[in-house]
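As written, the chains take the letters A, B and C, and residue 1 is the first residue of each chain.
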Amino acid sequence: MRHALHRLGFFVVTLWACVTLNFVLPRLMPGSPILDMMAKYRGHVTQKALEAIETAFGIETHASLLTQYWQYLGNTARGNFGISLTQSEPVSQVIGGAVWWTLGLIGVTTVLAFILGTLIGIVGAWRRGGWLDGILPPVFVITSSIPFFWVGMLLILLVGRFDPRFPTSGAYAYGTTPGFNWPFITDVLQHALLPALAILVTSIGGWILTMRNTMVTVLAEDYVRMARAKGLPGWRIMFDYAARNAMLPNLSGFAMSLGFVLSGAIVVEYLFSYQGVGYYLLLGVVNQDYALVQALFLLITVAVLVAILAADLLTAVLDPRTRTGG
Amino acid sequence: MATMQIPAGAGQAPEAGLPGMPGSAGTASERAAGRIWRAVKSNKKALTGAIILLLFVIMAIIPGQIAHDPPQAFIYGRSLGPSAQHLLGTTPSGQDIFAQVIWGARETLIIALVSGLLSTLLSMIMGIGAAYLGGWWDNGLNLITDILLVIPTFPLLIVIISYYPHSSLIPLIAVLVITGYSYGARQLRAEALSLRNRDFLEAARVRGERRFYIIFVEIIPSMTSLIMAVFLGTAVYNVIAAATLQFIGFGDPNSLSWGTMLYWAENGEALQTGQYLWAIAPGLCIALLGAAFALLNYAFDEIGNPALQRVKLTRRRHSPPWRIRAERAR
Amino acid sequence: MRRLKSLGVLIGTAGLLTALAACGASSSPGSAGKSTAGPSGTLTISNEFGSTWTCQFNPYNPNFSTLPFGPVYEPLAFVDNLESGKASPWLASSWAWSNGDKTLTFTMRKGVTWSDGKPFSAADVVFTFNLLKKYPALDLNSDWSFLTSVTQKGTDQVVMNFKTAGTADFYYVADQTAIVPEHIWSKISNPVTWSDKNPIGTGAYVVSSCTAENITYTANKHYYLPGYPKVETVNYPAYLSNNAANADLASGKDQWGNQFIPSIQQAYVAKNPGNKYWFPPTVNNEIFVNLKNSVLSNVAVREAMSYAIDRSKVSLDGEYGYEPPANQTGIVEPTYSSWLDSSLAAKYNYSYNPTKAKQILQAAGYKMGSDGIFNTPSGQPLSFSIINIGDYSDWVASMQIVAQEFKAVGIDLSVENLASNAYDADLYTGKYQLAYGTESGGPGPFYELRQWLLSSNSAPIGQTASSNWERYSNPATDNLLAEYPAASPAQQHQIVDQLEQIMLTDLPVIPVTESVDWFEYNTSDFTGWSTQSDPYAQPGPAITPDFGWVLMRLDPVSH
């Protein structure tokens, strides 16, 4: 109980730190986003028009910093993130449209990478000395240290350019109408193929290696030796005894990584022009669309925090030792 | 990321053969260094990683001897294919790609090594310092580290670097260090905490040694391999993060590094216009550098935890097939 | 079928038809036969916007004004920047200046209706301009900085009064102001933030559907020019990246592009028959020199800089050869070559001459230091920083080259590539030594020159200036600029000659390359494009209202 309160307290403190960081950072920036917007439109700007636009779009820069901070906290708590300057729409609307694409592409692929990676790691560790165990570490150590964007570029080059079945940008083609119809769904899946493949290639290595390492340690434990001595069949030992215990740290790591889904989305979506959360974060940063950037950053942080909390709870549920140890 | 297994039997007499543990002869750091060197030599993965790294270091130190063309001069023919004069061809602006790759090693390595070192240093201060000082220091430093651990690093990187975009190395390195140190700090703190109650430290305290002496002379040398692992792990992360930032366009486009080359290649639509080498060469180098650090890192893992090492299955007749004899891999 | 009722409409139609005839032999085979068949064909535009559509069509929202202004909302007249401001009737059928060019009277075209069927009248024009006055945030061209009043006269005339002679501002009120319907906009509480998702305009096209991925324009069946437009459907997909937009353009999936395409011969022209491109220059990319800087205020330094730059190299290596080299007079060639005083330019001859650059510096008393950099007599090195927009990779490359060329003559230049808002802040407030930038220009060299040289455009260091960021100030020049609007065409040429002289002797800015419009087009599928031989409009879809003017002339090729 005390542990849970401790974690909750940490959650709140971190949340507050992020919210405040979000508030402070844009105000350190020189210039004004309105100036940039006007510069896009011929640069024929008067001070009066500038001020009028600022008021119209709700950019309040003349109150004291503390007042602005309170307003900001209040607005955030109410879910009012303001209007996105580049989209001229409420930020919540922009995010609402984008978040499903990110969750869909990267969430699903991460789950896949986890499941596949864990299975391969288990099998590899079980067959110590086999060819799989021999190639696993070097191959996957290398694949997990390749920068993602390079794998993406290679895929675009080798596959996407020559085969139109593997589109290299966008979430779906504009000819299809969104909705639950078969052409749309196939189109979305087609567009997700290359980015998903790139994510899989770069992230699966981490899961394989972690799983393998923990499995190896567990396999050296006494109770596994006992199980073998008892004559239990190999696969049963592998899954029921060894893997179950080895999976614990992996599982909490996985829960954490779901939070990082949103964070890792940035490079994927930039390279493949996928209109998800990461893409809009980049767009907002490049165009100084602070309302959008703040909201997205907050969203990502909250997601990670929630995931970590969930991971902690999951570990406490699955592993009784953590409950008593503290 | 590397996970160090703490050898069982904490508090017992240190066993010879385990790296980082003080023995009877010589100082702890000397013996650790010697052990590490022997371990690297014998481990194939470590050797490969070390050789790759060495090659890049040579490229960074004497680029002029390897590539005779100036890397940034706009004096050659535009968009030429590979030839004897231009091993990798030229850019659409008339620069020699091979020279850029060779010269690019310098800045890329500097970023990786400097940010890796600084990050490890910060991890040590925040991790070991917190563990040893204990009390409110521990709570305070830990809170900062945990917050930074939890805030998603890449978005934070992007948001912060957007305030210094297109600028020189110093903001880039500073941002990488601040956002990347926390994982290592956590690992080091955990290890330092476990070491805190060991006999040899108790002996030092009883002897009346000062705190800093204990930290620098006793604790840190005992954690050499973990510190190495933290450094290598951070180096991998920094190489990739820096290259990615530069690729997206947040680096200094006038600088000469592999990430910047990829930025120009992407802007020049290298892949779409058939100038494949322009994009592939620097990307391959980044991948190799990351792989080198990662291989060394993994090898250090194995050195620290012998159970992870490559084993050879030996089948003896009349023996149950699942009997495994572990041998140190040659 | 509408009967042609007024002369104004005849003039309009005649103008269109002659333009079409001049387009070349391949243009619409037998337009007489076509006009009864109705519009046909589908045109797809390739213009990377960077985000998906929010389906907003408010012509006064700078984010989206390029989408409806031209095809859906129309202005009073069309001004062709590529023909030094030649004007054609659009919503107004004719106009006349009076009162020493301080009063402009427009006569409205008859028979125009809004796309919801309600009739268009002069009242809508008066309403639009007074809306801009009421909401300064809408007045993006600062129309009311030179207008005093806009009123209706009779049933179909609008009278505009200017503070001073207003011919040089005709472009802004007549071509750059979108006319909106009073019966809709008078009911909107906040037109500045209004999204206008179903725009009602007078134009040749209506927005028939809009999703996040694509906008579809369809020909307006009740358009006041019979037989126009000829293209029935226009698709405007939302491209998030240049790669995708360029790929679709090259393959022929898109036929009208506004894209920067690197290595355009291999990447675009070679990919599909009929793929063509034309990049007409309209303004310059220049180095702004902060004239309040004590070292830079010495004209010898600026002269040396102008001689030190190999402009054709910057053009070829920094801009893929797409942007022609500029010249120190500031006159953009070939677009405004008729304004260039070539003998004057030849007399000063600011072509690439590093030897001369060094001579000028030595003659001015600068001494070469041991590090290869000149020092002023008081010992200050000629070492400067130049701010640049880091997001424009071609500008980054150009400044790399310029820095190397300056180094060769003993001037040390460090390039600061900034994010655009930091750049804007520094540029507008004068917190820089050198800056690489561009003005917006207008239908003729006068507009860019005025933006550079008029002292009232500027502001003291620390305050925001709308242009003239180098802080140039010369009362004689101001007088010269003030004479231009009321002068006769011949006198105007003389004034521009004198302004060129100022550019050559004072060098307030140093033009490097000429900024172009990106324009790719496919002639296998459509004809009627604005081309080098017939530059009847700025040719790309991103320029408004030329976007609509070109659309009206396009004709699908029947296969």
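We take it that contacts are C-beta pairs under 8 Å (C-beta built on N, C-alpha and C of every residue); 3 or more make two chains touch, one makes a residue touch a chain.
As the structure is a prediction and not an experimental result, all values here were calculated from the model.
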Fill in the blank from the handout: Components of the contact graph without subunit C come out as one piece
Completion exercise
More Cb-Cb contact pairs, comparing B-C against A-C, go to A-C
Handout entry: Central chain (by mean CA position)
Key = A
Completion exercise
Between subunit A and subunit B, the Cα-mean centres are separated in Å by 23
Completion exercise
Per the C-alpha centroid definition, the whole-Å distance linking subunit B and subunit C comes out as 51
Problem - Between subunit A and subunit C, centroid-to-centroid distance (C-alpha), Å - result: 42
Handout entry: Two or more partner chains touched - positions in subunit A
Key = 29, 286
Exercise for the section: For subunit C, write out the residues touching at least two other chains, lowest number first. Expected result: 243, 391, 419
Exercise for the section: Would you please write down the residue numbers of subunit B that are in contact with two or more other chains? Expected result: 162, 249, 272
Fill in the blank from the handout: Within the complex, subunit A is touched by subunit B residues 3, 5, 45, 48, 143, 146-147, 150-156, 158-160, 162-163, 236, 239-240, 243-244, 247-249, 262, 266, 271-272, 276, 279-280, 283-284, 286-287, 290-291, 293-295, 297-298, 301, 305, 307-308, 310-313, 322, 324
Practice task
Provide the residue numbers of subunit A that touch subunit B in the complex, in ascending order.
Solution key: 10, 13-14, 17-18, 21, 25, 28-29, 128-130, 133-134, 137-138, 141-142, 144-150, 153-154, 156-157, 161, 209-210, 213-214, 216-217, 220, 228, 234, 259-260, 262-264, 266-267, 270, 281-282, 285-286, 293, 296-297, 300-301, 304-305, 308
Fill in the blank from the handout: subunit B partner, complex, touching residues on subunit C are 242-243, 246-247, 261-263, 266-267, 313, 316-318, 320, 390-391, 393, 396-397, 400-401, 404, 415-419
Practice task
Spell out the part of subunit A that touches subunit C in their complex, as residue ranges.
Solution key: 29-33, 35-49, 52-53, 55-57, 83, 85-89, 97, 168-170, 172-175, 177-178, 273, 275, 279-280, 283, 286, 288
Handout entry: Touch list for subunit C against partner subunit A, complex
Key = 50-52, 54, 56, 61-65, 135-137, 139-142, 145, 190, 192-193, 195, 211-214, 235, 237-241, 243-244, 391, 419-422, 424-426, 428, 439-440, 464, 466-467
